[in-house]
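Sending over a structure as structure tokens; questions will come in a sec.
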Amino acid sequence: MIGVFLSVMRRDLLLAWRRRSDMLTTLGFFLLVTSLFPLGVGPEPEQLSHIASGVMWVAALLATLLSVQRLFESDEADGTLEQMLLSVEPLAVIVLAKVCAYWLLTGLPLVVMAPLIALQFNLTPDETLIACATLLIGSPTLSLLGAVGASLTLGLRGGGALIALLVLPLYAPLLIFGAGAVDAWRAGLGVQSHFALLGACLLVALAVCPLASAAALRIAQD
Amino acid sequence: MNWESASDFWHMGGYGFYVWGSYAVTAVLLAFEVWAVARRGRLARVRVARDVAVERMDERRREPT
Amino acid sequence: MSDSQLSATRAPSAGVSLFHYASPQTFFPLAGKLLWPSWIAAVALTLAGLYTGFFIAPTDATQGDSYRIIFIHVPAAWMSMVVYLAMAFWCAVGLVFNTRLSFMMSSALAPTGALWAFVALWTGALWGKPTWGTYWAWDARMTSELILFFLYCGYMALQAAIDDPRRADRAGALIAIVGAVNVPIIYFSVKWWNTLHQGASVSLTQSPSMASTMLTGMLLMALAAWAYTIAVALMRVRAIMIERERQTDWVRQLATGETKA
Amino acid sequence: MSGSTASLIEVRALSCVRGSARLFSGLDLILGAGELMHVAGANGSGKTSLLRILCGLSEPASGEVRWRGAPAASVRDDWRSGLLYLGHRNAVKDDFTPLENLRASAAIAGDTTPGDVLLRALVDIGLGARLDVPARSLSQGQRRRVALARLLADTRSALWILDEPFTALDTGAVAVLSRAMAAHLARGGAIVYTTHQPVDINAARRQTLNLDDFS
């Protein structure tokens, strides 16, 4: 089980490495969207630092949504997905491995880039740290929920809009807990509960999403 | 009895727009839903009846040969 | 960590025969028999509820007559949640016991649930204007109601996007169940967010001036909404049964009027 | 190889519906060790659908699949580990070399065949000169061979389910594949396959199932 997990993850990372340029698309999207906000709402530092964490979270959420729909696409197109379904190993473990690789490729870069955006939005070092930490704990949950949406909409027409409609409502609690942490810190409240709740969401998602996604893939391939 | 007259009733203590706006839209939506569902059921039956009729015509056409 | 439990449920279950009415053919006439009582109950309860609400219940001391919106707002909000849970319940039953009828029930409930969510939002906005001075406040209930509405839309859009009815049923069921797990989390998170950002909102139902006649009116309207939902869902599930089973003998006999149901 | 009954896979009263079309119904089949079954039928008669049902990718509209005498759904793990399915899609990644592809397929299947056996299979099927070339620059037939190399390396599966294995292959590769199939049968394995071209496979016991008879 660990063997298949590691080899599927390595396979996905290697495949992504062979197509390095694709990896940059999501990151570029994230940076572009966040950079457009000051142009839209005005450059006042006070206002920018107020909306910073919300903007970062919404951008991360949209960036995930944009890229996650391709998670199973190429495996489905070339028949690898059938082989995954027929594996002796649990499909949920294979899905989890794919999601982990996906997060390392798209989620982690966002977390790494977040300080840059925090700089643009005039956040203090403390606030930057908190914003990055929320993204670090929250973005795996985004990837996991996104994987469920991606497997449900696999091969459907209008998949992009559909996955947004399915997954965005489920993202609402994460957005609230994630973006709220910086506000709470600024208001002098503790941020412990925010992190605890984000962590709880991650644990629930880790337990439920790979199973749900695996079931959805079997349904999609039936 | 709460209301002195019909116009008093429609006026709804100054909140007529909000109260009747709510009730009217709800009534229209529910009526539309009932109509749409009834139509869907009717069309489904008609379509099946038509399929059956077409099949019988086919059978009858084939019989003489 | 195995998905075999989930996938094993897709195999035909021997338990199906226990559910006599789980077959569309036997449920169809039963639904037909329940239809008229439900409609009569819906109309009678609505009339009674409206009479109580408008002619017996007094004007509210603080909100004036604008509070009379709650006679539809609160039942609509309740129904939108009850219907979602019912939908998720039928989806779970369908996945576990592999009964087609359960999936048909949940597809039949979804549009009505979405309608109730929309009505709750609409009337909430119209009630909010005179009460809060704004059509839309990011109040916990309103925000969760909005997200619930989107969950309904997602379920229906997913089903509509899939051509194969079996895949549509199962994929829809999965998202409905995931959504149902999320509804409490969403409600809690929004409520929590709301208390951090603004003071507690005016509560509709906990108003101290709530006269018992007001409560009676609201309960009557809630029962009417139940009856309406049952009636319209039964009607829709009958239509869905005919559409889905159009190649079976019993539907063909039904449609050509050779036997009466 | 547990299981006391002789049949490896058995199907009873199977019917398959795709969309609103009934592809076949009332289909029974029994396949035992060493048996070769050719599934024939017109285009759209449900050959691929039948193979997918046999390996558990699809659910039949009605009927039962049994694996080594037990209902297949109840012995799912044994069923999956006992079969090897190759669909008409190759499951070959453009960005991987043949060996990387073969390793990835084995890993996904949960198969622990050592690397030198995989390498040997690629050499046997005639890809020895192209080991370091990404699959992107291979021909259609060579990509098919990458997928088929799994069969040459396989010693674990009892049942091979092959959907059009000979498509796009040249005569040399067809000969290698049919030898591998004969060897699998001789070992006591069984094969269900579809094909559009007549290929002679050395088999002691063979059946032909024509799906047009069940439509």
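Read from first to last, the chains carry the letters A, B, C and D; within each, the first residue is number 1.
Assume a residue touches a chain if its C-beta (ideal position, glycine included) is under 8 Å from a C-beta of that chain, and two chains touch if they have at least 3 such contacts.
Keep in mind that this is a model prediction, so the values were computed, not measured.
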item: Chains in simultaneous contact with chain C and chain D; value: A
item: Reference chain D; chain at largest CA-centroid distance; value: B
item: Chain centre separation (chain A, chain C; CA means) in Å; value: 31
item: For chain A paired with chain B, centre-to-centre distance based on mean C-alpha positions, whole Å; value: 43
item: Centre-to-centre distance between chain D and chain B (centres being mean Cα positions), rounded to whole Å; value: 53
item: Centroid spacing, where centroids are CA-atom means, of chain B and chain C in whole angstrom; value: 18
item: Sites on chain A at which at least two other chains make contact; value: 222
item: Contacts with 2+ other chains: residues of chain D; value: 59, 77
item: Multi-partner residues of chain B (each touching 2 or more other chains); value: none
item: All pairs of touching chains, each written as two labels joined by a dash; value: A-C, A-D, B-C, C-D
item: Of all residues in chain A, those that touch chain C in their complex; value: 1, 90-93, 148, 152-153, 156-158, 162, 165-166, 168-170, 172-173, 176-177, 180, 183-184, 187, 189, 197, 201, 208, 210-212, 214-216, 218-220, 222
item: Interface residues, chain D side, partner chain A - complex; value: 55-59, 77, 80-81, 83, 85, 87-93, 95-96, 100, 103-105, 107-112, 134
item: Chain A residues touching chain D - in the complex, by the definition given at the top; value: 3-4, 7-8, 11, 14-15, 18-19, 74, 77-80, 82-89, 94, 221-222
item: Touching residues on chain C, where the partner in the complex is chain A; value: 1-4, 6-7, 10, 147, 150-151, 153-154, 157-158, 161-162, 164, 166-167, 170-171, 174-175, 178-179, 181-182, 185-186, 188-190, 192-193, 196
item: Contact set on chain C toward chain D in their complex; value: 4, 7-8, 10-12, 163-164, 166, 247
